[in-house]
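Shared between the two complexes below is chain A, which pairs with chain B and chain C, respectively.
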Partner chain A sequence: MPIEAADCRTPFGDARATSAALLGGRRALCPCPVLGPDGGDLVPLALLSARALGETAPPGWLPCLDGLAAGIPQGPWGGPRHPVFMTSSNFGVGSLFAFQRDRDPRHIEYCMPYSMSEVLRQRFGWGSNVTLVSHACVSAHIGLLLASRCLRSGSAERALVFTFDFISPFVTAGFHALKILNAGMPAPYAALPTGSIGLGDGAAFAVLGRPGSGFCLSAQTLHNEMHHFTANDPAGAGFAASLAPVRAAAGGRRVWLKGHGTGTLEAGRLEAEAFARHFPDSPLVSWKGSLGHTLGSCGLVELPLAIEAMRSGRAPGTVGTAPPCFTDNVATEAFSTAGFDGAVIAGNAFGGAHASLLLGHD
Partner chain B sequence: MIEREIILLGIEDPGSEELDATRTRLRGLFAKGATRRMTQLGLLMGSVLEPMRASGADTVVYASKYGESRALRDYLASFPSASPTLFQTSIHPSAVQQVLVARQQPVREFLPLAGDAQIVAHAAQAALLAPAPSVVFCGGEECIAWSDNDKASSPAAFAFALLLSNGGARGLGTLRLEACDDGAGDLALPAFFAALRGRRPLDRIAAPGMRLILEWR
Partner chain C sequence: MSDPLNSRLKNLIVSTLKLEDVDPASIPDDAPLIGSGLDLDSIDALELVVAVEKEFGVKIASSEESRAALASVSQLAAYIRTHAPSDRSLG
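Now for the complex of A and B:
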C-alpha cells in the first residue's frame, strides 16, 4: 500500500526535527508532577512546548493539530471516496477529567470521542466519512489497517489516517496507579531491576493510496492474546503470533526493527526475545525512552520517523538505554540504514493486543 | 458491494436496568466470581457473545459511542488516589476484552470503533472487509446517571452481536454495503439495534458513499 505522505508532531516538532533530536540522543521526557496542577510524584512526561498537563477549554493542543493538518495533501477528506480514519486512545478524555475537576461546562464539548472528533472534523473542513478507532495503544495501527483494506477493496481512492494523543492527569494517574509510570526514566529493553515508562504528547497523519513518499506498507498484522488485561502470555505466544506473518512477508529482505519498547520489564523482555527469534540479524530500537509512550498514536507517530531514518540513512538508537540489554540485537546507538530494505514497526496494548507492519520502499 | 450472511444474532435490551440487576440476571453465563469486577456493558457483551463462543470466529468488530461510561465516572471519582482497576476497565474496548479475557479466548483481529451518526456504517465496513471467514460484529451501550454531563452516557442500555459468514450456510439474513455517490448519511447504534431487535429490514445511506442494507429471511 503506497504512502503518499506522512508526518508527525512530538515535543521536538515535526518528523525531521524529531528525527534529528533522536539522532542527537536528546530526551523530550522530563520530570513533572503526575497530577499536573494538583501535584503528586514526579514522573517522566514529554509535553508539547509550553503546554501544561491540566487541560484547558478549548484544549491547548488544538493549534498543534492545526499545524499538522496544514501539511496533509489536499483532498475531499471525509467524502465518499476519501475516508478519514481518526485514531486515539485518549481523544478528549483530558477534558473529561478537567470537567470533573473544575465543573467548567466549556470542557464538555471535547470530552468524548464522538464530540472531540466532530470538533476536529469541522475545524479541518472534512466530511462525515470519518471512522473513529480506539483500541488503546494499537489504535493507529488499526486505523492504517482499515484504511488499507478500504483502498484494496476499491471503495476509496485515497485514505487519510489521522491520530493524536495528548496526555492528561487522567492517563498519567492511571499508569502511575499501575506503578509503571514512576520516578525512573524509561530504558527500553535494558536488563534493569525496575521497569519504568514515560508518557508523551504525539500526533501524526499518513495518506495512503498513491505513491509520493517513496515508501509503502508491505504487510500489516494483528493479534489479541486476551490472556490478561495488562500482562502478556508469559510464553510470548502473542508476540510470536504477531511477528510470524511479518517475517513471512519480509521474505529474504534485510529489515531493522522499531519495537514497542515502553520500558516495562516483562513485556520488553518478551518483545526483544521474540524479535531476536524471528529476525536474528536485525537491530532493534525503541524511541519511547526519549519521546515517551504516545499511547494510541505511537504506531503512526513513529512511522514518519522510520521513513525519515530510511531517507536520511541513519536510524536513531534506543535513547536512554545502555547495555546490558535483554538481547544482543538491541541497538543503543544510531546506525546506518544502508543495506536494509525495510523496517518492522510494532506496537502493543492492553488485553495483550499486538500490531505490526512492514515498511518498505515503494 | 460487500455482503455477509447473518448466521447468529444475540440481543440484550435491558433499558434502564441497574448494574446489580444485570449482574444477578446474567451471573450464570460466567465463571464463578468473574462478574464481580465486570461492567454492565461487559456483562451485556458477554450475554450476546455467548451463542458465538463456539463459532471459531477470530475477528471481532465492536462499536460503542460511549464505551465504559460507569468505569469512566467511577475512575474520575477515585482521584486523587486513582484506581488502577477502574483505569484499565475504562478503556474504550474494555467490555469485549472483559469477556474474552475471562474466556481466555484469543482473536486475530479485534477492531473497536467509536463514533456516533456513522458508526454503524463504519463498523459494518470493517466487518465486511475483514478477510476472516467468520466475523463477529457487536456493539452496545450501558446506562448510567452522570450528573451535569448528559453527553457522556447513553440513556438506555443495549447490546447486540451478529455472527457473519462470507457465504455457504444460508442464515437469518444478510448485511450488505453498496457504494453510492451520496455525500451524507447516518445510522446511529440505537436505530440499528432497534432494527435487529425487531428483525426489521433497513435500506439507507448510512455514511457518505455507503448504502447499508439489512435483510431478513
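Now for the complex of A and C:
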C-alpha cells in the first residue's frame, strides 16, 4: 500500500527534527512529578514544550495538532471516498480527569472520544466519514490496517490515519500504580535488574493510497495472544505469531527492526528474543528510551521516522540503552540503512495485542 | 506458633482479593503466591501491593521488587520488616 505522506510530532518537533535529535542521542524524557500539579514521585515523561502535565480547557496540545494537520496533503478528508481513521488510546481522558477534579464544564467537550473527535473534525474541516479506533497501544497500527483494507476493497481512493496521545495525570498515575513507570529512565532491551518505562506525547499522520513518499506498507499483521490482560505468554508465543507472517512477507529482503521496546524487562526480553529468532541478521532498535512510550500513537509516530532513516541513510540507535542487552541484535548506536530494503515496525498492547508492519520501497 | 505478621498478611491476602473459599490459616508460609500455590496473577499482585502500602506504609518501587516481595508470605513479611517505617506496628 503506497504511502503518500507521513509526519509526526514529538517534543522534538516534526519527523525530521525528531530524527536529528535521536541521531544525536538526545532524550526527550525528563523527571516530572507523576501527578502533575499534585506532585508525587518523579518519573520520566516527555511532554510537548511549554506543556504542563495537567489539562486545560481547551487542551494545551491542540495547537500541536494544528501544526501536524497543516502538513496533510490536500483532499476532501472525511468525504465518501477519503475516509479518516482517528486513533488514540485515550482520546480526551485527561480532560475527563480534569473535569472530575475541578468541575469546570469547559472540559466536557474534550473529554469523550466522540466529542473530542468532533472538535477535531470541525477544526480541520473534515467530513463525517471518520472512524475512531481505540485499542490501547496498537491503536495506530489498527488504524493503518483498516485504512489499507478500505483501499484494497476499492471503497476509498485515499485514506488518512491520524493519531494522537497526550499524557495526563490519570494515565501517568495508572502506569505508576502498575509499578512500571518509576524513577528509572527506560533502557529498552537492556539486561538490567529492574525495568522502567517513560511516557511521552506523540501525534502523527499517514496518507495511504497514492505514491508520494517513495515507500509503501508491504505487509501488516495483527494478532492477539489471549494470554492475560497485562502479561505476555512467557514462551513468547504472541510475539512469534505476530512476527512469523511479516518474516514470510519480507522473503529475502534485508530489513532492520523498530520494536516496541518500552523498557519493561520481561516483555522486552521476549520481544528481543523473538526478533532474534525470526530476523537473526537484523539490527533491532527502540526509540522509547528517548521519546517515551507514546501509547496509542506508537507505531505511526515511528513510521515517518523510519522513512526518514531510510531516506537519509542513517537510523538512530536505541537511545538510553547500553550493553549488555538481552540479545546481540540490539543496536545501541546509530547505523547505516544503506543496503537495507525496508524495516519492520512492531508494537504490542495491554490485552495481548501484537501488531507489525513491513515498510518497503514503493 | 505462627508468626503474627505472617498471620496478619494471610488475612490481608484473603480479604483484599476476596478469596472467599480460602482459609487464611491454610496458606503455607513459603508457598509461591504468584503463578502457582495461590495462583495469583499480576492484577492480584497489584491489589496486594496497594493493600500492603496502605496497611504498612511500605512503598514497593518497581514491578521487579513487587515480584520478589510477593514470592511468598514469608518473603513479604521479611520485606515489610525491612522497609516499614519504624513507627508502624507489625504485630
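A few comments on the model shown:
Operating definition for what follows: the second predicted complex is superposed on the first by the 362 of 362 C-alpha atoms of A that agree within 3 Å, B and C clash if a C-alpha of one lies under 4 Å from a C-alpha of the other, contacts with A are read in each partner's own complex, and residues count from 1 in each chain.
What we mean here is this: a contact is a pair of C-beta atoms (placed from the backbone, for glycine too) under 8 Å apart; a residue touches a chain by one contact, two chains touch by 3 or more.
Quick caveat: nothing in here was measured; it's all calculated off a predicted structure.
With chain A as the common reference, the superposed partners chain B and chain C fit together side by side.
Contacts of A:A248 after superposition on the shared chain: neither chain B nor chain C is touched. Of the two partner chains, neither chain B nor chain C is touched by A:L42. Once the two structures are overlaid on chain A, chain A sits at the apex of an angle of 70° toward chain B and chain C, using CA centres and rounding to a multiple of 10.
Once the two complexes are overlaid on the shared chain, A:A177 sits against chain B and chain C alike.
Residue contacts after overlaying the shared chain place A:F229 against chain B and chain C alike.
Residue contacts after overlaying the shared chain place A:L265 against chain C, while chain B stays out of touching range.
By the touch criterion defined above, A:M112 reaches chain B but does not reach chain C. Touch counts on chain A: comparing chain C and chain B, the chain ahead is B. When the shared chain is aligned, chain C comes close enough to touch A:S196, but chain B does not. Touch criterion met: A:G127 reaches chain B, while chain C stays clear of it. Following the chain A superposition, chain B and chain C show a smallest Cα-Cα distance of 6 angstrom. Common to the chain B and chain C interfaces on chain A are residues 177-179, 228-230. Put simply, chain A touches chain C in their complex at residues 177-180, 182-184, 193-196, 228-231, 264-265.
Partner chain B is touched in their complex by these residues of chain A: 35, 38, 40, 78-81, 89, 91, 93, 96-97, 99-101, 103, 105, 108, 111-115, 117-118, 127-136, 142, 146, 149-150, 153, 155, 169-170, 173-179, 222-230, 238, 241, 350-353.
Against chain A, the residues of chain C that register as touching in their complex are 41-43, 46, 49-50, 60-66. Interface of chain B with chain A (complex): residues 2, 65-67, 72, 75-77, 79-84, 87-93, 97, 100-101, 103-119, 122, 125-126, 129-130, 148-149, 151-152, 179-186, 207-210.
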